[in-house]
Each structure stands twice: as structure tokens, then as C-alpha cells.
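Per-chain numbering from 1; labels A, B, C and D assigned in written order.
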Amino acid sequence: MYDVTIPLQGTAESPSAQASATYIQDLFVQTRARSEALAAPLSPEDMMIQSMEDASPTKWHLGHTSWFFEEFILRPYCTDYRSLNDQYRLLFNSYYVQAGFRHIRSKRGLLSRPDSAAILGYRRHVTFHVLKLLHSNSSNRADILKLVELGCHHEMQHQELMLTDILHGLSYSPLLPSYHEKKLPKASTKKSSPIHFTEFSGGLTETGHDASDFHFDCEAPRHKEYLPPFALGVRPVTNAEWIAFIEDGGYEKETLWLSDGWAYKQKEGWTAPLYWWKDGASWNSFTLTGVRPVDPNAPVSHISYYEADAYARWAGARLPTEAEHETAFRNHPIDGNFADSELYIPSRGPAIWGDVWEWTQSPYTPYPGYQPVEGTIGEYNGKFMVNQFVLRGGSCLTPRAQMRPTYRNFFHPHQRWQMTGLRLAKDL
Amino acid sequence: MYDVTIPLQGTAESPSAQASATYIQDLFVQTRARSEALAAPLSPEDMMIQSMEDASPTKWHLGHTSWFFEEFILRPYCTDYRSLNDQYRLLFNSYYVQAGFRHIRSKRGLLSRPDSAAILGYRRHVTFHVLKLLHSNSSNRADILKLVELGCHHEMQHQELMLTDILHGLSYSPLLPSYHEKKLPKASTKKSSPIHFTEFSGGLTETGHDASDFHFDCEAPRHKEYLPPFALGVRPVTNAEWIAFIEDGGYEKETLWLSDGWAYKQKEGWTAPLYWWKDGASWNSFTLTGVRPVDPNAPVSHISYYEADAYARWAGARLPTEAEHETAFRNHPIDGNFADSELYIPSRGPAIWGDVWEWTQSPYTPYPGYQPVEGTIGEYNGKFMVNQFVLRGGSCLTPRAQMRPTYRNFFHPHQRWQMTGLRLAKDL
Amino acid sequence: MYDVTIPLQGTAESPSAQASATYIQDLFVQTRARSEALAAPLSPEDMMIQSMEDASPTKWHLGHTSWFFEEFILRPYCTDYRSLNDQYRLLFNSYYVQAGFRHIRSKRGLLSRPDSAAILGYRRHVTFHVLKLLHSNSSNRADILKLVELGCHHEMQHQELMLTDILHGLSYSPLLPSYHEKKLPKASTKKSSPIHFTEFSGGLTETGHDASDFHFDCEAPRHKEYLPPFALGVRPVTNAEWIAFIEDGGYEKETLWLSDGWAYKQKEGWTAPLYWWKDGASWNSFTLTGVRPVDPNAPVSHISYYEADAYARWAGARLPTEAEHETAFRNHPIDGNFADSELYIPSRGPAIWGDVWEWTQSPYTPYPGYQPVEGTIGEYNGKFMVNQFVLRGGSCLTPRAQMRPTYRNFFHPHQRWQMTGLRLAKDL
Amino acid sequence: MYDVTIPLQGTAESPSAQASATYIQDLFVQTRARSEALAAPLSPEDMMIQSMEDASPTKWHLGHTSWFFEEFILRPYCTDYRSLNDQYRLLFNSYYVQAGFRHIRSKRGLLSRPDSAAILGYRRHVTFHVLKLLHSNSSNRADILKLVELGCHHEMQHQELMLTDILHGLSYSPLLPSYHEKKLPKASTKKSSPIHFTEFSGGLTETGHDASDFHFDCEAPRHKEYLPPFALGVRPVTNAEWIAFIEDGGYEKETLWLSDGWAYKQKEGWTAPLYWWKDGASWNSFTLTGVRPVDPNAPVSHISYYEADAYARWAGARLPTEAEHETAFRNHPIDGNFADSELYIPSRGPAIWGDVWEWTQSPYTPYPGYQPVEGTIGEYNGKFMVNQFVLRGGSCLTPRAQMRPTYRNFFHPHQRWQMTGLRLAKDL
């Protein structure tokens, strides 16, 4: 169903470089369809849930990703466009200050109206009008194509959030319901081997995006960085390794923790990753297919930066920087367990991409020479460049088309509801 | 002394004293039907809303009122009864400690499953089995009838909460939606006359419920009280009078307020009743039929005890005690604007009951000799007898069948989302 | 040192009735001296402590009780009076709205200046000028005498607060310091006998203060009340009895507790009275003479209303009403363990007054016909008549001269830092 | 490249490299004396103030800086050392986990005992024993000297905190008292010229400390970094420039702010730097010499990172990185308005060091290859490397002996009670 090839930067012909209308129109249709497919297993009631301020209801994601196309493409470029409802402009704006007032984020879960049927109607309306615009002979065709591509990447980001938010919401139900009922492949019983490290020589290198094909502003400009020699784990840390950390008292040894991390952990009472609980001697976790035993060979997920950092210290290692990660990964084909597999659970195979987002030790800051895009669209990234850390690698909930070696995901160090894990690094 | 006929909505005759099976069965069927009728205008999404911890989703009210019959009647008295889902026992218990664990109150808004269709199915299942039990020859027939009657009164209380909770929930929507679209009668333009007071001689009197017909445990026992002479306003305070209070700086004069009340008001920034806002020179309010201009002749509603108390001080009067209120009202037929009118908005006519609940100055405490009912049912009232104030009179959201002159409603002094107003009293 | 006879209302000649200048001047001098004596064991640093918003630094109490005389007597009646520092008017106003702005209550602990020496100087200045005024031939002599008497009673109330606040403050010190080092009499080892109850016939009675001698406005007017027959414990509940409650799981049985009380207890993690902790098998408590083993025969103290109420339910009894307490106590000479003993710890002897304040089940509300005093002084009591409960009986920290059978102390139901205990009551 | 003489206040010669016993002993004596001199203007009451959790009472600073020498030098190296009071070990430990339990940070303001006289006695005791140890022939002499030097630098850091904490504490007093009464030089009336920028060519450079003389672990290791060309303001931003920002609506334009910064500003209601308020048309501020008009030519201070970042965006510039700052400053003699001037207020002269700490855009993270010191002392820096930003340059409250071009100060982005300002940077 979703079969877009995204050649890697550097090694192949970039379709974004030619920016063919065909490629972008296909991406648009497939992205819009996938959001709806992701919502399909949910009842109208499921789509209302907002379990914390960080999360949003599925309904809202469906509306907001449509609002994005309406606000930045249809309103400015489609003079005869009529919105289905002008109040949606307020309801589905997330944080774009220049785009006008917004509905309070923490109250999104109270928006029973428009109902989900109306929102799906709104989606159809917007999808149709964008397609119509793409088939017209607009004099702004080049700009429009770029914005549609941006809107698709924006929507792919929200597809991952839809899944993490619905997992969080369902976790509050004593019924422990499943998001999907698909049969998952059996967890491997082969014990994974001890971790090995690959060595890198470092030196003066360049990181960041440079080409003309699609990327977010925060990935540029490409710039020089000097890296001392380093080594990187060949795979992320596994659940079995994390259980060893727990059993060694990792959650009780204050000296392993950053000061802010320890305070947060104490306040929240963390003793294991989010969604884990112990049943006798064995660990279970709540997943998008309901309760499952923790798979010892799969990468650990749903941990905060604070936990990742404490683990690395316990293991005599450290977290990688984002430059190290980018340097190590950039020549590997982007192949791994992404959302396209429709498993929605980490299940380590041979690939090095996918499965879990990997916390880096790099705060999310502007690259040297960074300039946000002009105008409202420019609020996308720059204003979040404080108090957050960069994650790399993509997860089993990330659409593969969204990934690039320069892609910078970012979250606050206490956040755990994303599909977040870690990979160890060492100085040489 | 207490000799009032309480006709049920529609047709049923009230027997009170004989508590005939026929009366109770009719009450049961009508009460069950009315809850569903109240939910009918709502979408599945509307029924999910929980806008604060004090409020519950409509879905939850529908489930909980069924759970009550299942837990206290079907499980103990119907040996072959099979619940549709044993987990509902946990989900729909509100606060009955002895009935086992409860789902966290503040998270009721996250319960997307069971969905509303399933809950309506649960209702049908419970309604059918209760009716079946009523038609059987149970040796516990007398006990069962009493419990069914209690369950109906419990459900009527929740009917009022369903309406106040849905009003609160919808008030967060920027779309300002209506719960119902019925045409309301035009507000009277005749200015209401200044308030008059009726005088009462006081003396040694008896208050509280004494008869064998239905009442909650907190209304008994009937007991002696000595009342000094007093006077009571012939009608509640109106919106026009409240506007005069606002315009005279009532919300800014600290000496009019109780110390705790002033602190609360300052923290919350109250400057008018809940749901009011000023549009130029005129006041609007949000109601179950959407936005409406404030009707000057209607009783003020959605005020806290703190505001009611400050108003009374400003007006050179005081709030009545519950004994005064009961003494004054007990010989009046219970006739007024109740939920049975289906207006769901205060609209003062000639009657003295209904429209708004009236704050009294009486804290909700046990009457002398009060004993809670034995067992789980006994948790109904007694454990709330702290930090709350009694309200009397019934509102336009109260089913008329629920009212008695001895009925004690109670809320915390800061709460405003109920249909709460006031009536003035004076010493003689 | 402090030797004022306060004859009881009813039985003897009231010195307040004649309101002799001599009596009031003696009371004034002794009260002023006693406050300074209470502060004498404290360093300037001790006198700075404010351990919570409910408590105030000793310095502030010393200043505020002087401000009271300055504000209500010296400023209005002594035309040539010059304050030492006009800013004290702001600093030492507690809550008198009409007396102008106030310093924020929660920040009193930051007031390093004026230092304690300056405040003692301020006290001397005020004391001298009040005495000078009392010796002058003011035409307002009668009014002034009344206000001086009121100021003394106000200051006596603050004397108790000084002790409870300093105990609370010192309890945060890991050094567990003593306020005073006096040797206390040994705790009795004789086991106290099981509790007996005295029976009262009830009926129409009168409570509240009626005479012309000194009382606070909230004690009046004297009014009729009808009491059903009741019984009252001959002594307060003891520590030994409280330990039995703990050992029987009293703090873990939700059905014993009021709903608000249980929530509060859970949030705060209460498992015993304030200042208690277990050391192996035995209970210790922190007192004004440092750490002491809990005396099994002494009345339990430092419990909240919620705990008192739960205990009474556990014991198959209830708390008395204030009318019952007043009825039972009013013919007993006011003789017991008051602050005048300088023990500052409950140590039950034969008397029924003193030792601990006893929670009643009566919310602190106005008596029928209550009118606050006109003007600023009238803010003393009325505005606190919400959310609090009446306590009766006086404690080992209360100056005996302050007590009357009609005296109404009041605190919020969650508060525990006062010397609060309980006495059981029963219906007959 | 790093070749700056750091003369001690007064007389001592800086030896840095040779770290002679004489130099360290003099540094020790002078540092100990200076802390006491800083506390001298304060009363025992002033020394108790703790106005927020981030701040500590002066008493505590005096005790804690002595505890540091006792814990890390006297206890391990002085076998016959007897502490004055073993409980001080608990009371004056700040955050050293491995050194045992700590007293709760937020309750330091309640520690009336030991009183300030006892703490000064404790200081004398510790000072004497350290001196005695320095005069003995310990076989660990080299280690001890290093630890004494570390202890002095630790104490110098606390000297700055003593001043910022006391300023914060006194700011709550309605009396607006002064910490010191010294006459300050008149503010210059000459208008400062528009800001100029110095250009730097960038390239591959080295930053961080490399030499054997004293530095904190977080300043090392020296490492390579690649810098693009940049420009740096020749002076910090002034109060006059900040007023222009305010007047241009800087505090109301959401698009100038980081998302977290705007949320924080809204919650706190910031409209100007901390301690500023407007009096008619002119700005005043509260300082260590009481209320003073804001000096337009002095560097702005008491601003958060969020404000500094918003200002830079408004000015079309950005904050420098710490590598840029270090590169630009390292060849300038460390000469400026430090605490040694005893002015304790920013007053820009020709120098580029001192006056205010300058926020950089660099999060406080470990340098490549960073290793914390082994053992308890190693908790000094590493565990704070999250959620904070580096500041450079030193302030008018910083002892000059503490400064080095590699020195990394760090605070959370919302904190404003330090002497914090900013310097603009630009890309070339």
C-alpha cells in the first residue's frame, strides 16, 4: 500500500531534487490514506482520549494535519477555496502564533464537536482541494509542491504521535485493550550476544543536510565538526540488558543519575520503563497489541533520557553525540523495522535503523548558521531549541519515508511515552 | 404535616406510604428511560467528556447507575444472574469502599471502552434482569422493592449531574454548542418587584423525615429544634439583583466576604457567576441551549456558597438555615420548574419550589441520633458530612419525583457548576 | 507570677462586670510580660522561623500583639502618640482589611528586619504608652478599658500560637532541640481505667455568653437549643487508647473515615499523630522539651478533626456537639493543666479542663442572631465562620485567664499542629 | 596561549603553575576571611533568610563551606581531628550523595540552631585545624594542598551565592533594606555609543583547560572545535538597550521567544528584569545598596536565558557559544569590575571581564573525553550537566581569583536571581 522509495542523500538520485509533481502527489495521497488507516481500528470514543497535556486525541491529529494544508496552501494559494468551518482554524492550530489564536492544548480532550465523522469529512474536503490545486496550472506551482511535501512530512510525524498517544491513552484503561489484534511473529528465544562496538576514527567531518531535497530547517546548514575517535554499539541496548540494570539496583543508586534525573525519578516513582510491571518473576508490558511478556532480545523502549544516561554510566559507557550517530549511520541503507512493517513493536533484526529512537547526549540546539524559514512555517523547529535532546535512528512507529541520516527528533529528558531507547558509545 | 403528592412524570400515581410494587416498577421503568432520553441528544464523543474531577462523563453516569442495581440487587438476590462483563464492577463503582476497588475518578474521561453502545447494552441487560426479578416470587421481595426505589432515587440524582456535567464540558468548546435545540419561552420583560419577606414565629419545632416512605438516611431522624423568629424572601435572588451587586463592586469589597471565600475568589479570578461574560453593556451566559442573554427576572444560578454569603451580607440579610427553609416550605405543594418541564433553565413563575437549589448557611452534618444504614449502602451519605453546605428547594434540572421538603442536597462551598442560587433570610 | 482570678460566669462576682481599671491594668501588665517570658528561651534565629503558612515567627507574634494595641487604642485615642516606625503598621497587620495593606502571610519568615531587639523595643514603647493612657483622664476611658481587655485576650491567644508555632518550627531541625529544659514530673505508670461516661438528660437549654463581662462576639448571643439526652466521656481519649486504634489498623480502614479525611490522610501519609514516630516497639514524640516517650495515660494530642472523627467511629461513639460540651462543663470550676503550670505538655490529673483542646462535631457557624462588632475589630471572628470546627476545653498551652465555658476555639479539620485531642460522646 | 596573572585580593602572588604551599595557604586565609567579612553587615536574623529553594541562608553558606574542608580534608587526613558537632555533617552537606544523608534543601531556612555565633565558632575551629594540618608534615601534603585549593575555589563560588541569595531575601522586605551602605560612584551620564562588533575568523581551534594549575573537572579536557567566522559585541547589552526592548513590546511578542520561555514568562508575569519596577516614567531597581534608579549605561542584569535569547532575536543577533566566548576572551587580561572592588553592582568601565555573567547559547554538557574526578569530590560538576546553560565572563559579585578564561558557570534557563546579563554575537 505504501511503497515510496526514498533514496539516501549522497548515494542515489534524489526524487526530491527533481521534485516531480508525480512523486509528491503520490506521497500526498498515500500519507493522507495512511493517517485514516491508522485511525480505522479506533471507535469515536477512542479518538477522544487525551491522557496528558503532551498527548493529543486522534481526532485532533486528523484535524490538525488537515488544517496544516488548509492554512499554508489552500488559504493563500487557492483564492476560491471555502473552508468547511472557519472555527476549525482556531481548533486545529497547534502552536503557530502567527496563524492566530489557538485552542488550549490541555483541553483538546474535551472537544467532542466536531465529531469524528465531521473530521473525516473535513479531511476529504481538504484532500480533494489540494489534489485539485495540484492539477491546476497555478503560477505558484513550485512553491505549492514544496509545501505539500512539507505537509506530508509534518503528517508523517503526527502519524507516529497518533500511535504513541493512543498507546498512552489506552494504558489507563483497566481493560488493557489492544489497538490492533494482528498476530505478531514470535519473539526469538535465541539469547542475543554481548554487545560489540564499532570503532570510528573521528577527525574533521561534516554533518547536517546540504542537498536541495526535502529536509527540515533544523537539519541545516551542513557544517564542519571535529570528532575525537569513538566507538558505537552495533545494536541498541536490549530488554535483557535493561533487566540486568534493574536487578543491579540501577534505579536505587543515586550516583548513577543526573541530579535533575534523580529528583524526577523520585517524584514519579520510576522503577522500570514506562508500561512495564512485574508479574511474579517475569516482566510484562502494555503494547499496542495489549499485554505482552517483555522480549529479552528486543531493544528496550519507553525510557527517558535520564534513564538512558544512568544506564550508560552504569555500563561504563556514555550516550553518543548526534554528530557521532550521523557519522556512523550515514552510509547505511535505511532499512529496518519501521511503521511500514505494521508490527508497531520493536523486534530487532539485522538492520541498524528503526525499532527505537535512540537518545543522544546532544541538546537540541541550532547548527552554526541556522536560520529558521521565513514566516509562520518557520515556527516549526527553532522555538523548541531549549531543554530538549536529539534522538536519532527512527522507530517501529516511524514511517520509513520520513527518515534521513540527518533527521533530528527531539524530546524533553523526562518524556517516556515515545518509542525511545538507547545505543551505547565510548571514547577511544 | 407532610402531605404532598409527588406525581411521577407522565402517568404513575405516587403511593409513598404503601410503596406498592406497581408504583416502584413504574418508577423504575420511567427513571431508566429518562436517563437514556437525557443522553439521546449526545454523540458518542460528547458522552466521553470529563472536564474536571468533580464531573463525570455521561457514559460513566449511564454505567454507574446500572452498576448500582447490579451490585446491590442482582448480585445478592438473583443467584443465576450473569454480568455482561465482570470488569464493569471496577469501572463503574464510584466510591463504595466495601464494594471493592474503584477506577480512579479523575481518569473517567479516558475510558473509551466500553463504548457508548456497549454501555447502553449493559443498561438494557440490567433493566431487563431487574424487571424479571420484580416479576419473580423472591422471598426477599420487600427488601428488593426498597432497594429498587433507592436505586431510582440514586439514578435521579445522577440525572441532574449528567446535565450539569455536560453543560460544564460543552462550555470548554469554542464552538459553544447546544445540548438541546428546543425553543424556550421568551423571557418576561416585566420587571420583577422588590423582594418581600414572609415572617415566621419560630419556636420549638421538628425537622427531618419521620415517615416510612422513601427518604435518604441523612434526612432522619426527625428531631426537635428551637428556632428564633425569622423572615424568608418570597423568591430567590434574581439576575437583575445580582447585576446590581456586581455593579456596586461586590466582587471587589473584601469585607463582604468570608476569609476562605475571598482567597478562593482571588485565586480563581471570579467576577461574575460561572458561565457569564459581558458583551459590551449586556451580560450573556452559556446554557444548555447555547449562548443566551442573562434574563433579569430569572433567579441567579451557578454561584458558589462564598458568593451567596457575600451577596447576603451586601444585602443586609443572611442565608437561611436548613431548618428555617424546611419549616417555611413544608406546607407548600411541590410545584415548580423541575426537570419534568424539560426547559433546563431557571424561569421563575409563581411557585416557590424548583428553578435553583438554594444555599443554606447550614453545614451538612448528621442530625442528632443519625445512624447510617448498615453495610455498603450506608456509605451513601454519612462519609460526606464534612466541609459541605446543605442546599434546599430543587432546581430546573431536578426530577420532581426526587423532591421532598426534607431533602438535603450538599456541595462544597466553592463549587459552582450545579444549578445553585440563593434566597435571603433575616432575623426578626 | 501570673495570678489573676477569673471567676466563672454565673457562679461568682464577675470582675469584668465592674471592669475595674485595676483589674485590667494588672491583666495588661501580666499579659505583656508573659509574652516576653515565653520568648525568652529563644535566640534571635529561633524567633525567625516560619515553618508553614499557618504558623508565624515568634518575632511576628510579638510585633503583631503590640500593633493591635497601637492600631486600635493608641492611634485613635492618644492624639500625640508617635509610632516608632510607621512601616510596622503594614508589617504587623494580620488580616484586618479595613486597617490597610498587609504583608503577605507566607513571607513572614523572611522579615529579618526589624530584628528581635527592635521588636522588643517596639513592645516597650507600646506598653509604656498604653499604661500612660490608662493613667490619663481620657474621656474615652470606658472604651479604652474595654479595648485593652480585648487586646489582652487577643495576646493570650497569640501566646498559645507562639508555643505551637515554635514547636512546629523546631520539629524540622535534625538536632531535635528543646524549647525549655525544665524537668517535668515523671509520667504516671498506673494504667488509666477504661473510660466511663456521664449521662445528661438534655432538653431545651441555653448556650452562649450572655453577661456583660468579657467575651468574644462569636460567643453570643445566648440562645435556646434543644438537646436530646447524651453521655460524655469523663476524660479525653488517652495515648494508650490511640495506640490501640493504630494497632487495630485505624489508619488503614477507609470505612472509618470521612471521605475528605481519607483523601487528606492518604495524600499526607498520616499513620500516627503529628510528632510521633516509632522506635522499635515504643512510640516517641517531639515536644517542647525535646524527644519524650509517649505517655500512655496522658490525653492524645496533635490529631486532626479527621482522625478524631475516625477514632470515635472506631470506638462506637461520636464527637460531642459544642452545645453538649458547654452544657456538661459549665458548672465545673476552670481548674486544670493550663499554660500557667508552665509544663506545656498534657498530663492528665483529676480536673476536666485544660490539657488538650477537644474537637467537637460542630462546624464553626454564627449563633442565631449573631452580629459582628462594628468596624475593624469586627473582623475578628465572623469572617472565619466557614470550613472550621469548634474546639472546647483549653489546653496546657492556654493561659487560664483566657478560658470561659462559652469559649469557642476553631481550626480547619486537617490541622494538627495545635494541642488538639478529643472526648467521646454517645446518644442515649 | 593562556597566560594571565590572577593576583589575589590584597597581597598574595599567584603562582598557579607551581602551586606553592605559601600561595595556597594565603589563598585559604584570605578566602576564609572574606566569607566572614561578607557576612559582617548582617544580623543573626538576616543570616536565617531562605527566600526560595534555589537560595540558602547565609548561615548555611558559612557552615557548608567549612563542612567541605572538614569532610574532604580533616576527616580523611587528620586522624586526631574531632568535629565540634557530628550533626553538622548532616546539616551542612549540600548534595554529596556519597558523603551521607543530607538535610532537605528547602528547609534550610528553618535551621535556627546552631545559631550564627555557633557557626562562626565552627568556622574558626575548621580554619585552625586546616592551618595546623598545612603546617604539619603530612605524607599526603600534595593531595591536601590540592584539596585546600579546591575548597577555596568552592568557597569563592559560595561567596557569590551569599550575595545573590541575600539580595533575593531582602527584596521581600517592604522596608527595602540595604545590605551595605557604602557610597557608590555616581552613574555616568554620558550616553553609551551604539554597540560595535569585533570579528573573528574561526577555524579549527582548541578550547578547555589543559594546564596543571587549578581548574574544575568540567573545564577539561582541552579539545578541538571547529568555529565558523563570527563577530562578538565589544560590550554587554546595557540597561538603556533593554529599556528599548521593553518599550518595543519585547515582552509581548510571542514570536521572539522560545516556546518554553514564553510559557514560563506568562506563568510568572515577567515584564522586566528581576528587581525592576517602574515609578512614573523611570525605572528603579532593588540592589544591595537598596533602591536605585536603573543606570542606562550599565550592563543589564538579573535576566533569564529566555529573556536574553528573546532580546538577541529582537536585535537581529544571537547569543554566542561558549567556544566563541572563550576564543574571544582568552587573550585579554582578567581585569574588570569583580567583587574585589566591593561595589557589588555592575558599572561598566573599559574592561571586558566582570560586571555580569553572560549567557551563552551552549547547554552545559561534558567536553569530549570528560571524566569526573573519582570519589565524592567528583559529584561537583558532572551530575548537573543537563537542563542548564553555560555563562561566561564573571560578575561584580565574583572574586577575581576565581576567574579563568575556561571557567564555566551554569544555571537553568529560567533563573534570574544571579548577576546575569548578555553579550550579542553574529554569524559572518
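Convention: contacts are C-beta pairs under 8 Å (C-beta built on N, C-alpha and C of every residue); 3 or more make two chains touch, one makes a residue touch a chain.
A quick map from chain label to UniProt name: A, B, C, D = Ergothioneine biosynthesis protein EgtB.
This structure is a prediction, so every number in the text was calculated from the model and none was measured.
The set of chains touching chain A and also touching chain C is given as B, D. For C-D, the equivalent interface within A-D, B-C or A-B is the one where over half of the contact pairs agree by residue number, namely A-B.
Mean C-alpha position of chain B lies 60 Å from that of chain D. Separation between the centroids of chain A and chain D, computed from CA atoms only, is 39 Å. Centre-to-centre spacing of chain A and chain B amounts to 47 Å, using the average Cα coordinate of each chain.
For chain C, no residue reaches two or more other chains under the stated contact definition. Contact residues on chain D toward chain C in their complex (touch as defined above): 43-49, 51, 59, 87, 90-91, 103, 107, 109-116, 169-170, 172-175, 177. Those residues of chain B lying in contact with chain C across their complex are 95, 97-98, 204, 223-228, 254-255, 257-261, 305-306, 309, 361-363, 365-366, 368-369, 379, 383-387, 413, 427.
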